[in-house]
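First the structure, in the form of structure tokens, and then the observations on it.
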Amino acid sequence: MSSTFGRVFTLTTYGESHGPGIGGVVDGCPAGLPLDEALIQRELDRRRPGARPETGNMGSARRESDTVHLLSGVFGGITTGTPIAFSIANEDKRSADYGPLADLWRPGHADMTYDAKYGVRDYRGGGRSSGRETAARVAGGAIAQALLALHGIRIRAFATEVGGLAAEWTESELDDAETRPYSAASASVIPSWDELAAVTRARGDTLGGVVTVEALGVPAGLGEPVFHKLDAVLAQALMSVGAVKGVEVGEGFGAARLLGSQNNDRMRPASADNGFKPQWESNHAGGILGGISTGAPIVLRAAVKPIPSVALPQRMVTRRGESLDMSIGGRHDICAIPRVVPVLKAMTALVLADMLLWQCRMDAVNLHAWEGRRPSCEGH
Amino acid sequence: MSSTFGRVFTLTTYGESHGPGIGGVVDGCPAGLPLDEALIQRELDRRRPGARPETGNMGSARRESDTVHLLSGVFGGITTGTPIAFSIANEDKRSADYGPLADLWRPGHADMTYDAKYGVRDYRGGGRSSGRETAARVAGGAIAQALLALHGIRIRAFATEVGGLAAEWTESELDDAETRPYSAASASVIPSWDELAAVTRARGDTLGGVVTVEALGVPAGLGEPVFHKLDAVLAQALMSVGAVKGVEVGEGFGAARLLGSQNNDRMRPASADNGFKPQWESNHAGGILGGISTGAPIVLRAAVKPIPSVALPQRMVTRRGESLDMSIGGRHDICAIPRVVPVLKAMTALVLADMLLWQCRMDAVNLHAWEGRRPSCEGH
Amino acid sequence: MSSTFGRVFTLTTYGESHGPGIGGVVDGCPAGLPLDEALIQRELDRRRPGARPETGNMGSARRESDTVHLLSGVFGGITTGTPIAFSIANEDKRSADYGPLADLWRPGHADMTYDAKYGVRDYRGGGRSSGRETAARVAGGAIAQALLALHGIRIRAFATEVGGLAAEWTESELDDAETRPYSAASASVIPSWDELAAVTRARGDTLGGVVTVEALGVPAGLGEPVFHKLDAVLAQALMSVGAVKGVEVGEGFGAARLLGSQNNDRMRPASADNGFKPQWESNHAGGILGGISTGAPIVLRAAVKPIPSVALPQRMVTRRGESLDMSIGGRHDICAIPRVVPVLKAMTALVLADMLLWQCRMDAVNLHAWEGRRPSCEGH
Amino acid sequence: MSSTFGRVFTLTTYGESHGPGIGGVVDGCPAGLPLDEALIQRELDRRRPGARPETGNMGSARRESDTVHLLSGVFGGITTGTPIAFSIANEDKRSADYGPLADLWRPGHADMTYDAKYGVRDYRGGGRSSGRETAARVAGGAIAQALLALHGIRIRAFATEVGGLAAEWTESELDDAETRPYSAASASVIPSWDELAAVTRARGDTLGGVVTVEALGVPAGLGEPVFHKLDAVLAQALMSVGAVKGVEVGEGFGAARLLGSQNNDRMRPASADNGFKPQWESNHAGGILGGISTGAPIVLRAAVKPIPSVALPQRMVTRRGESLDMSIGGRHDICAIPRVVPVLKAMTALVLADMLLWQCRMDAVNLHAWEGRRPSCEGH
């Protein structure tokens, strides 16, 4: 079940870049959730290809409407508890662009490894390994986000670094990030990213970056020790996105350089000021302790590698082991950051929806009379 | 199945820090693997507590023999294909040390989150959230490593950074790393880590660090796109270890700052020099492309946070929301690095054994006549 | 993952009776299997509704072409190892027929239980609980049968009893059963079943029956003790088909009345006559011992209940607890037997494909030098 | 994960008949359930070998105390939500009895199939395929029954047929069945079963039988269509017990011979008499419609084959294909019925606990305002 994610709220996806279409099945969504195609389409529109304001200077010329169709699981505008299937047709397929690549192993792409694994490969546009596959994640994640919203959980994401140029931002800027070009954490960094993108495009090269994802309103108690800790499954979720090469929670690698006394988060005791709920004074942990949510915001960072399809000529080999120098055609983005933001949000939402249902089940059968003793905490 | 890891080669663990014992069940191991307790004990000895040469200045005074007993699945010295159960008794339990902690939420520990999730908690020594749980991972990982060894796969791990002090090393030093104090990547860094540990212990504080894990000899073709990519599952595996807050593959966060033309790995074409197998010229990808192994070494880095049990007095709250200042008693390490190294190796081995079996199954029923066309590659 | 079946070779299905369509995703099929829509269509045509020769006197007037479309996972006529998605549009929907049933709990249907479970329900034609859902099983099973055929495994099924009238047959008649009306085990029973169907239709009532499924050419060694024994998973598979109320393996309930000395199957010793492979002399076990295939044919029987939609007026209640007497409209079969036969074949094939891949994986990494000692057996 | 059962409330078992011991791990049990060893021991005592009143004339001379030890997951007398491990030592091992069987394929046993599957085999007492494995199921099932009891669900089982001699009983006799020899459905049948057992033992032969399992108090709404229907998973559960060759739900094979108008269950409309809850008037369906519980009692029947270890000499072959005539030594029961009853109860409980938690999760997040409209029903 390589293409299924989750254990209670699950998403199964299918589809290649240049086949008839892509799509997926969400199984395990509770009955009664209001759902329609427009809600899913909004998220898909954030990911679809093309030079749009949000993609800044980094988008390609490829055009796809990425129109989603719901096929099952919804009746009278609400979910029925049965599998929710959706499909997205592939429209702007110029498969002829890819003919010359049939035997080629493009550097930084999965061509060589798919050949090694399967022996055969749909080489058109990357086939299954194309970033196009992530549209189905975004659709599934939109359903997860609708479920989370009803429980007061909201996910936001923003780019904090492109090509080594880091943004500086204030907390108040973050909620608007997704309306900015590149989903930039701050407006002030945009001109320099614009310029970097222009220069890089002119050089025929590509850029990487860093995205921060935050989940707000997550109650304490989500996550399943020991192997399915909340941070462990989030790490799988984000790292399963093709371009991601690193994942951090809270202080991340920075925690390795702190002293224990610095890295430990303290709580403010219960008082009239905080409604008699202990409150976190800091959030070095990124909202997760022992693999379980603390009630503070969940903070994740993902490192996104530069797009491997550079216009510059590169030396490459064919599956027969021959060498040749060539430049990759096709229509490619300069940087994955603008379009990967909704994908990382979607993956985070899928994990949280799954963990929420997993936990609710236990709450529902909670047998021990610890009511009144169970702690409740406010986020930072 | 929160305490089960893997899908074909699976490990289920159990046990609390101060209960009768811990242990686990490995299911899905093929029949015919030579296995005995000594082989598992060797790995456990690397993880067990106590001030030993390998733990340098960082170990605690707690003593456990961590003796493993095999209970099933082995007959006449080889595995039979049935579940392999093992148990490790808890010996040096001073549960009385923990009585005062029953209502306390220790900073940086999972006390608050276990209370939030379960309502009840075995507070003695951290219970299920104790690092002691990782001994069962090490035992399971030892079985996985035995299976991998027969397929020419070897895993090594070494500490590259402690408390912000980075080691510098040469490739030739790495195979011996596990025989050094701290599993240090180089001998030259040991004195400065010794000193840092001594100073930190004197101040009542603790340290974090960074560990690199490498898997050598992994054939191209392992990993299951799209959600169970090799890097995604490795990220889950490493992040599921309590102290880990960040995971990188290959260049990791560094990849976000490279240009596409720099980050792409090139292959040397097939020639008489390389036995007519294309060979990787670099390994920025860390041995994984599109979620599938490339045949080059798999390179992972894990950020390990400082141990939260500092001797310094800390402000903390109880589950009733009261505040108090106290210092954590018990016997604690200064830094998790020396003892987490075998745990990270074990988790990496569990993933690779699982993926190897997953792939073998497909190879065994390979239906298409692509023999002779299937690529084979040499690692870097 | 209620709508996912299997662990290595998996089928996920979706769709309601009167929504846009139904379909599914097969994941885990090895690369290299020749596959096209025609191969799947052949099996679907055996299940589709309508009065056809194969449905004898038992079919309804509903017409569906049940045309399948492949959406992914096949390239150049062979599978690529990625998910194989397929869709089947719903055509002959007369949803207006069902309006009056919105609040009604039809006897013998899942109306009441879906309401109890989900609170909401797509009441049109049974929604997800409609027998229409089984078309996706048949499509998935066709892919499984293609995989099995390449390994010399063939599945056949035949009706042995309808409305209490049992067929008598000879072994030589069985391979042709699926070409006969009702997939009858023998030609001689057809006239009496024709007559029984006509009489029952005239009375406004419906019939049940018994189907035998046999898998031929299954090698010894498939099945995963202890909980995923071959017979256990086959029982789940057949019982998951809506109308099935009982499952037997080999002698089934008859075994409960035999003495041990009668029920034990004996083997003929190796000799020149049987190519030095021990051979089964009888097959009371139905090809499975200890949950693992023996090499003899696998023999299963499924009890199929009468179709609950009888034309006779029945007393029923609404979801508000009111009582009323009415007769079910719509267009319904008299007996599920003719159309359930391909469904039971499909479910059997899905189990065997899954178990075959599960086992191949182990064979591929078999480590112990027992070659030459491993037994091979011929079926009965 | 062949030795893991369930998806939310899971049981993983291990152990061979003549190794150090057997045991298991229950994962997913909610925190707060009162649990101790005595509760588990009570169920184990019903299954343990030996000539006791309950085993009537059918028991063997083998003696095992089957003493269970809890190793984790319980603190202060209640479950903590973490894995609950337990172990049962093997005591009365006379492995020397089995030496001569090392190369022998005993008729009706899994010797041949384990050799075919794994190539190696712990031949002592059947190893993993021994009925001894079921003790771990009984222990796990005892925990499940404790959970179910708190939700008002109770499971009872009784033997209705031995060696073809059927019991006749009245409803009022069933609650006491487990206190009778053979767990007989009625007291009146015991003398004839006693005699049959005596005669059969004298002839060196063995007997099979039929067991009915009923679950009372199961709320409507449990079961997960379409592949994990309640009846489908129950069928897997019962058929996974070694000796079971057939499973029926409700009318079972009898349903195949009824007319639709006979087999359909009707409901009594809501009225003051039934507290305004519609009530089932009959229960041909055995408490399950569309794979979901109806609120009526769940009724299952399992066919148990005769014990294959007959004292009569039998012709058998070795793994080398040689033939010999011999009689099976060791100490064996005449009939599995008395000891299989608690095993079948345990398996039923494991399924219901799993399905209960699966459903509770959905109830807990139920989003649609259908309260007041959701039906509630009383069982038959």
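Going in written order, the chains are labelled A, B, C and D, and every chain counts its residues from 1.
The rule is simple: a contact is a pair of C-beta atoms (placed from the backbone, for glycine too) under 8 Å apart; a residue touches a chain by one contact, two chains touch by 3 or more.
It should be emphasised that the depicted structure is a prediction, and the values quoted were computed from it without experimental measurement.
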TODO: Could you work out how far chain A has to rotate to sit on chain C, using CA atoms and steps of 5 degrees?
DONE: 180
Open item on the list: Need the most distant chain from chain A, centre defined as the mean of C-alpha atoms.
Closed with: D
Open item on the list: Measuring centre to centre with CA averages, how many angstrom lie between chain B and chain D?
Closed with: 39
Open item on the list: Could you work out how far the Cα centre of chain A sits from that of chain D, in whole Å?
Closed with: 45
Task: Sequence positions of chain D contacting 2 or more other chains - done: 1-4, 7, 13, 31-32, 78, 81-82, 117, 119-120, 128, 225, 362, 366, 368, 370
Open item on the list: Going by the contact rule set out above, which residues of chain D touch chain B in the complex?
Closed with: 1-4, 7, 10, 12-16, 19-23, 25, 27-28, 31-32, 69-73, 75-76, 78, 80-85, 87, 117-122, 127-128
TODO: Name, in rising order, each residue of chain D that touches chain C in their complex.
DONE: 1-5, 7, 13, 105, 107-110, 112-117, 119-120, 128-129, 133, 161, 163-164, 200, 204-210, 219-229, 231-240, 242, 245-270, 276-278, 285-286, 288-295, 303-310, 312, 314-317, 319-323, 359, 362, 366, 368, 370, 373-377
